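Letters A, B, C and D name the chains as they come in the text, with residue numbers starting at 1 for each one.
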Amino acid sequence: MIALLLRDLRLATRAGGGFGLGVAFFLILSALVPFGIGPDRGALAPVAPGILWVGALLSCLLSLDRIFALDHEDGSLDLLATAPMPLEGTVAVKALAHWITTGLPLILAAPVFAILLQLPTRAMPMLILSLLIGTPALSMLGAFGAAVTVGLRRGGLLLSLLVLPLYIPTLIFGAEITRRGAESLPVTTPLVFLGGVTLLVLALIPFAAAAALRVNLR
Amino acid sequence: MIDLGRYAGTVLAAYGVSLLLLVGLIWHSVAANARARRNLERHKTDA
Amino acid sequence: MSLLTVHDLSVARGGLRAVEGVSFSLNPGQALILKGPNGIGKTTLLRTIAGLQVPVAGTVAMAEDAVAYAAHSDGLKSSLTARENLTFWAQVFGGDGIEAALAAMDLAALADRPAGALSAGQKRRLGLARLIVSGRPLWVLDEPTVSLDAASVRRFAQVVGTHLGQGGAALMATHIDLGLPDAQMLDLTPFRARPGPVARPSGFNEAFA
Amino acid sequence: MSLWEYANPAKFMRTTDRVLPWLVVSAAICVTGGLVWGFLTPDDYRQGSTVKIVFLHVPAALMAINIWVMMLVASLIWIIRRHHVSALAAKAAAPIGAVMTLIALITGAIWGQPMWGTWWEWDPRLTSFLILFLFYVGYIALWSAIEDPDSAADLTGVVCLVGSVFALLSRYAVLFWNQGLHQGASLSVQSGERMAATYRHPLYLSMIGFGLLFLALVVIRTRTEIRKRRLAALQAQEARA
């Protein structure tokens, strides 16, 4: 399992791996939003938590189809399915690799983009905390969508259509935590809900994704 | 004729759009069914 | 004790039974070559035995984690070197002997080249070297000699021979004669599934036919 | 005879051949009756004539949810017992559910305009239906994107399962997100003031009508799917032979 994780990380960082694309996309998004809304701090600050979370969501979406598509094309997926490791484990490891290469850089970069969007400084800890808890669910749900659409031509658009509605609970709670952080309100309730959603996703989705993969490997 | 009062437009629009959607759905279902039946029968007579 | 026992196996492709009633067994040291015209279901049968597909009927009995499967694509990452690719698969399958495997397939000189820079035949050889490092007794091979030249085919036959000599077994679909001395043949033509009503449909195309 | 025999395509076709005319006639009577009766009800003292929209809005919303539940059950039957007709029934139901959701959304928006003073309000119920509509769209798109019917049935089944969990989860997330100004459920027994009988009776008839209409449509559409599958199966067999 560790070998698979290390390989995926190495592939992501080598030429053509697309590492950092998500963060670059996030940056462009954060830079474009003020052009649409206006430079006024009073207008930007209230929408910043929402924009940051939607941005994180979209940046995550960008690289989802790579989770299984490349391994499917070159036959690695067939071989991984015959390996001693259960397919559920393979799914979990690949989602983890996706999170490390996409989610983690987003979390590290988010405070910088938050400054661009005039998010109050006191909201930073809550922004980082909510992303830290929420983004693993995004990667895992994305792995599920990627597993469902892996054999399809033009699966990318369908992947977004399937995955984005599944992101709604995470988005609602994540943005709410950040907003409450900005207004110095108590965050315990949404925090518990966000953690609950993530735990549910991490516990159940690997099985659904592995089932979908098995269907697509037939 | 019944008097719908000042909300006449609202009520008629709701009924109009809904019935349009329902009729569209029914028409599509029936047409697709007829097409499938025709295709199947044509295939049987060919074979 | 046989490595693989297939009993009354039926497999389906595209929701239709392809071959049915196939039975055979493989003992250590044996090789079995599947023959049959294109489209009869050799690939489907091999994928079913490798565990990638569920059989429609019948049983496939073997020890757990016994199969090393190789098909048209080799599972290589072009940005990793030949050695890195092989090491990864060795780790995943819990095997070793990477240098020996590279030498056996005549890849030692190319070990540190990225797999993307290898020719089709060299990639194929690297893909077959993966079988050696997997450490698994039963090799299931689908057209293993595609894009190999005559010398590489002989080398591959040697490798298979060594594997059989060490108590392994090989099941393969191939059109060319590998020159394995005591390989058995199984022609799938008589097992072609017969059309007609079936008790338990294998898929949509049988359920509605 | 076991209930499961209806899952045999030929048996299903034979049975529905006999049932369908009755279903169509009774659905037509109930829907027309419910809507005409509803249209003739007197105006509400608060909502004026807009109260007539309830006879479309509530049955459509009810069916939107029930059809998804029916798809979930049909998907489970397919996944567990491998009855092909069941998978096709789930596929056939999805567009009906999507249209019902759309009717509920549009009538809700039209109704909301004079009541709330805005076409669209991010009210929890309306938002939940919007999310449900997204799930319907994704489900339908997935069916049409996968060529192999066996894979399509399996994958849409899994997506329906996961989607159900998340539709429910989203419902509660949305409640948390916005408490809303939608009136309470129109027929709920708990809410002290029950709807007057003048409105209740035509509403019941309309709901029965929408239910029957769904049944008639899902049978017709399932028959369509069976015929399409049969044609494809015959062609596949000939290509093989």
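In the analysis below, contacts are C-beta pairs under 8 Å (C-beta built on N, C-alpha and C of every residue); 3 or more make two chains touch, one makes a residue touch a chain.
Predicted model only: the values in this text are computed from it and were never measured.
**Q** Sort out for me whether B-D or A-C is joined by the greater number of C-beta contact pairs.
**A** Between B-D and A-C, contacts are more numerous in B-D.
**Q** Work out per-chain C-alpha centres and flag the one nearest the whole-protein C-alpha centre.
**A** Nearest to the common C-alpha centre lies chain A.
**Q** Per the centroid of Cα atoms for each chain, what is the distance between chain A and chain C, given in Å?
**A** The mean C-alpha positions of chain A and chain C differ by 37 Å.
**Q** Let me have the rounded angstrom distance from the C-alpha centre of chain B over to the C-alpha centre of chain C, please.
**A** The computed centroid separation for chain B versus chain C comes out at 54 Å.
**Q** Please tell me the distance, in whole Å, between the geometric centres of chain A and chain B computed from their C-alpha atoms.
**A** About 41 Å, centre to centre.
**Q** Chain B to chain D: how many Å between their CA centres?
**A** Whole-Å distance between the two chain centres: 15.
**Q** Out of chain B, which residues touch more than one other chain, so two or more?
**A** Touching at least two other chains: none.
**Q** Where does chain A touch two or more other chains at once, residue-wise?
**A** Residues 218.
**Q** Among the residues of chain D, which are close enough to touch at least two other chains?
**A** Those would be 150, 230, 234.
**Q** For the complex, give me every residue of chain C touching chain D.
**A** Interface residues on chain C, with respect to chain D: 14-16, 195, 201, 203-209.
**Q** How about chain A: which of its residues touch chain D in the complex?
**A** Within the complex, chain A contacts chain D at residues 144, 148-149, 151-152, 154-155, 158, 161-162, 164-166, 168-169, 172-173, 176, 189-190, 193, 197, 200, 204-205, 208, 211-212, 215-216, 218.
**Q** In the complex formed with chain C, which residues of chain A make contact?
**A** Residues of chain A touching chain C: 3-4, 7, 10-11, 14-17, 71, 73-76, 78-85, 217-218.
**Q** Which residues of chain D touch chain C in the complex?
**A** 9, 84, 148-150, 153, 226, 229-230, 232-234, 236-237, 240-241
**Q** In the complex, go through chain C and note every residue touching chain A.
**A** Of all residues in chain C, those touching chain A are 47, 50-54, 65, 67-69, 71-77, 79-80, 84, 88-89, 91-94, 130.
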